[in-house]
Amino acid sequence: MMKNPYLPLPMKLVKNFTETEDKLIHTFTLQFLSEEDEKSFPYMPGQFAELCVFGKGEAPFGIASSPTEPGFLKFSVAKVGTVSTALHMLEEGSIVGVRGPLGNSYPVEQFKGKDVVIIGGGFAFTTLRSLATYMMHPDRRSDYGKITVIYGARNPGLLLYKDELAAWEASPDIDLITTVDREAEGWNGRVGFIPSVTGEVAPSASNAHAIICGPPVMIKFTMPVLEKLGFTPETTIMSLENRMKCGIGMCGRCNVGGKYVCKDGPVFTRAQLNELPNEY
Amino acid sequence: MQAIAAQVKEAAKKLLEDKKVDLVVGFAEGSLPLRGTPLFARTPEEADQLTWNRGCENNLANFLRKREGKVAVVAKGCDVRSIVALTKENQIDRDNLYIIGVPCDGMIDRKKIGKLLGGKEVLAVEDQGDTIVLKGNGFSETAKVADLLHNSCIDCRYGNPVVYDALIGELMPEKAEEDFAEIKEFEAKTTAERRAFLAEEFSKCIRCYACRNACPMCYCTECFVDCSQPEWIGKSAADVQDNILFQAVRVFHGAGRCADCGACERACPMGINLRLLTRKLVKDVKVLFNAEAGVSMDDKAALATFTADDPEPFLVKE
Amino acid sequence: MIVSKKDIPNLLDKMIAEYDVLAPVKKDNFTVFKPIASGADAVLGEGNTKLPAKELFFPQSEKLFSYSVTEEGAKLDAPMDDKKKVLFGVRPCDARSLKLLDNVFDNDKFQDPYYLTRRANTVMVGIGCNMPSSTCFCTSVNSGPFDTSGLDILLVDTGDAYVVELVTDKGKALADQAGLAAASDADKTAAAAAKEAAVVTCQVNTDGLKAKLDVNFYDPIWEKIHEKCLGCGACTYLCPTCHCFDIVDDAVDCAGCRVRNWDSCAFPLFTLHGSGHNPRTSNKERYRNRIMHKFKYFVDNFNEIGCVGCGRCIKNCPVNMDIRVVLENIRGSEARLDS
């Protein structure tokens, strides 16, 4: 009997939490119902899953937790559509469905022995949190060189994972730079857009990979900065978002050229994307 | 027809040559017999492809909404009615539209040909005015054009464009009042019979929305069937009730705006009798408000006006 | 082997005892595939059915599973349609379309059990096309009126009988069960003659088309091509190789089912992001995607053109968007649509 890729795994919503001041992004912690279920869901940073609220439907979201955090999955979801709205309103203890893991992942094997620069803007930071958490795990930290994280939001109130950011700030394992678009009361960190901040921080491109996720306009203006710093199309990695449904390369909607974001991505190098049309 | 085609071409070329318009929307010869296809001509050379024949069945008003620049259109009576209705809805700027009106006594329904020939394929036609010769592999059959026209064309009393900037061909004599015979027949059925009829008809619907997209009046930025929050209607074509609901809402939305051009029914790949519904509303609007869509630039659309003596039969228990 | 046309109803009746037999039946002025209760209901030898054979394996609307959710978990029930079926009277182009769709539903990473279960349990009995329609261009897309690539059995119409050609073991097993008479040399000659006489007049030159599509994504020609397209889904829904779908819930509270419905790249909603951004904003991008998908992406991914030349999109387009003309325009040469 072949595996049915359409069947979701029931999971328990154990935490429905928002920390952004606009309350439009909630972070959901989902618990596996059994060890067997957990074993059936081996994932890596960068992958996504179809989250479903039974009765409302399913939608794809990047996995924000790291495989180094056993027992649960974490998703940070902005309220935009039917499913995300329903998710936001769910009570803790509810059963939801999770279908996955789907898509490819960040090439962490390739990162071994290299510096890694993680650049994220807005709520696209989710799978980057997974990646940073994965690489910072004590068992793995020594596999990688310097880890730099540049993370920006419109204002301080919109930053995600504030507790972890504070811990990272204090950690020697990671170089965290947070920035907000405009001066704000009580904000002592950097002020400026991601592209200019990236230029100021000027991470070395030598023996390094850059991974970048964020709104299209941020990507557009950060690319030339990375290029100037010496990151090549091969060492610049992006994660694409397109509307998806099946997540398994069949329903046809998320294609960029002949590649399906869901099945062949969502992680692509700039070099791969240069070969594809700009339909994302 | 050929003479008209030549005149259409000349008129369009002149408009483009004189830079009076940037674009002429008309018909070119299609790839199948008796099939015109919409053409967008921006140069006199492109306008050379314009034609006029019994297959120019699309309602070109559909391509005229919110256009930039000066546009000319080759328009039949029904196209013009829709243009008038769209102008009143501020979808078309009449000052920027040049109407090349062509009086039309009807377009040929290829489904009727299919029926006549028992499914044999027509490979070539010869238009002889009142008759037409249909030719295929090993056959040649002459048929009366009048027997092959779309039902919407047979019922049409506005073959003459109600407004135009140039007229090609001769205005035709007025037709008698329509009698809505098939609508009356439908109305005479019991509720259960009507329901059964609609269920059968809409079991064929595949929800391709060709009807909606072919309709010049269906231009909502977001059609209610596409709305996901709230989801007014299921998207599965397997649910006949949803298919009927989709069409019912579409038809009611067209009440007092629908020019009865039949574009929806012609577009339907599944051959659903959509005009039964659209025409029921055309009749109701006529009976209740003595109004017809798009027959005059001066009238206000029936459902966009209120008078104290509007009939309100739906408020009264009959 | 050979089977006389007058024996077909009987033959089908015998099959019905053991299989679900799907065959073209009359519906208004066209035919559609339906399960038949009697062999006499099958309408064989007409042109293509209105809806393509894909709907039998990938229905327009299909329940993927039902569910009921409690506080402890969710109970899912996903029944598979594993009935033994015979698809009788399918045209070679439609049969071939399923070979193409196999690539999609059994891709390098995932298998679609609904589609594949039906595929595995269906014997495909096709009838070759002695009289291809003027809109058929199968020979231009690596197929033909007697293409057996998607079939288990091919029937060749020789007038009063069908000469039976066994293509696969699955087909042979079905034919053995039916106990058909052997075809004489004369029958075989007649079958060969029928094949010879069937001429697909319509040719679409696809030479260099792929190479062109490899480089013309930003070509201004796309501005012109789509202009009359209404953006409806008629061509995609009637297309035997279009496979796009949507997945929705049909439920009241916590009990219900997940359903998949055909969807179309012609619709703006298909690619609309939650943010409001749409990577394919207008008909131009959407129509381009349809052409690219069939004639470039499908070739890139599966080394096959994603079109079988059945002509349904040509016959059913409300504005006569003719894919043959479109392809010719793309290639930059005159359309050859002689009949």
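Note that the chains are named A, B and C in the order they appear, and that numbering of residues resets to 1 at the start of each chain.
We adopt the following convention: a contact is a pair of C-beta atoms (placed from the backbone, for glycine too) under 8 Å apart; a residue touches a chain by one contact, two chains touch by 3 or more.
If you're wondering where the values come from, they're calculated on a predicted model, not measured in any experiment.
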Pair joined by more contacting C-beta pairs (A-B or A-C): A-C
Of all other chains, the one whose Cα centre sits farthest from chain A: B
Distance between chain centroids, defined by C-alpha means - chain B, chain C (Å): 31
Interchain centroid distance [CA atoms averaged], chain A/chain B, Å: 50
Distance from the mean Cα position of chain C to that of chain A, given in whole angstrom: 39
For chain C, residues contacting two or more additional chains: 246, 248
Junction residues of chain A - those touching two or more other chains: 81
Residue ranges of chain A touching chain B (in the complex, touch as defined): 81-82, 85
Touching residues (chain side chain A, partner chain C) in the complex: 1-8, 10, 33, 52, 54-59, 78, 80-81, 84, 93, 95, 97, 216, 241-243, 245-246, 248-258, 263, 277-280
Chain C contact footprint on chain B (complex, rising order): 30-32, 35-40, 58, 62-63, 111, 114-115, 119, 121, 123-124, 137, 204, 206-210, 212-214, 226, 234-239, 263, 266-267, 269-271
Complex interface listing, chain C residues touching chain A: 64-65, 67, 69-74, 76, 78, 104-105, 107-113, 116, 217-218, 243-249, 251-254, 256, 258, 260, 263, 265, 270-275, 277, 279-280, 285, 289, 292-293, 296-298, 300-301
Of all residues in chain B, those that touch chain A in their complex: 228-229, 231
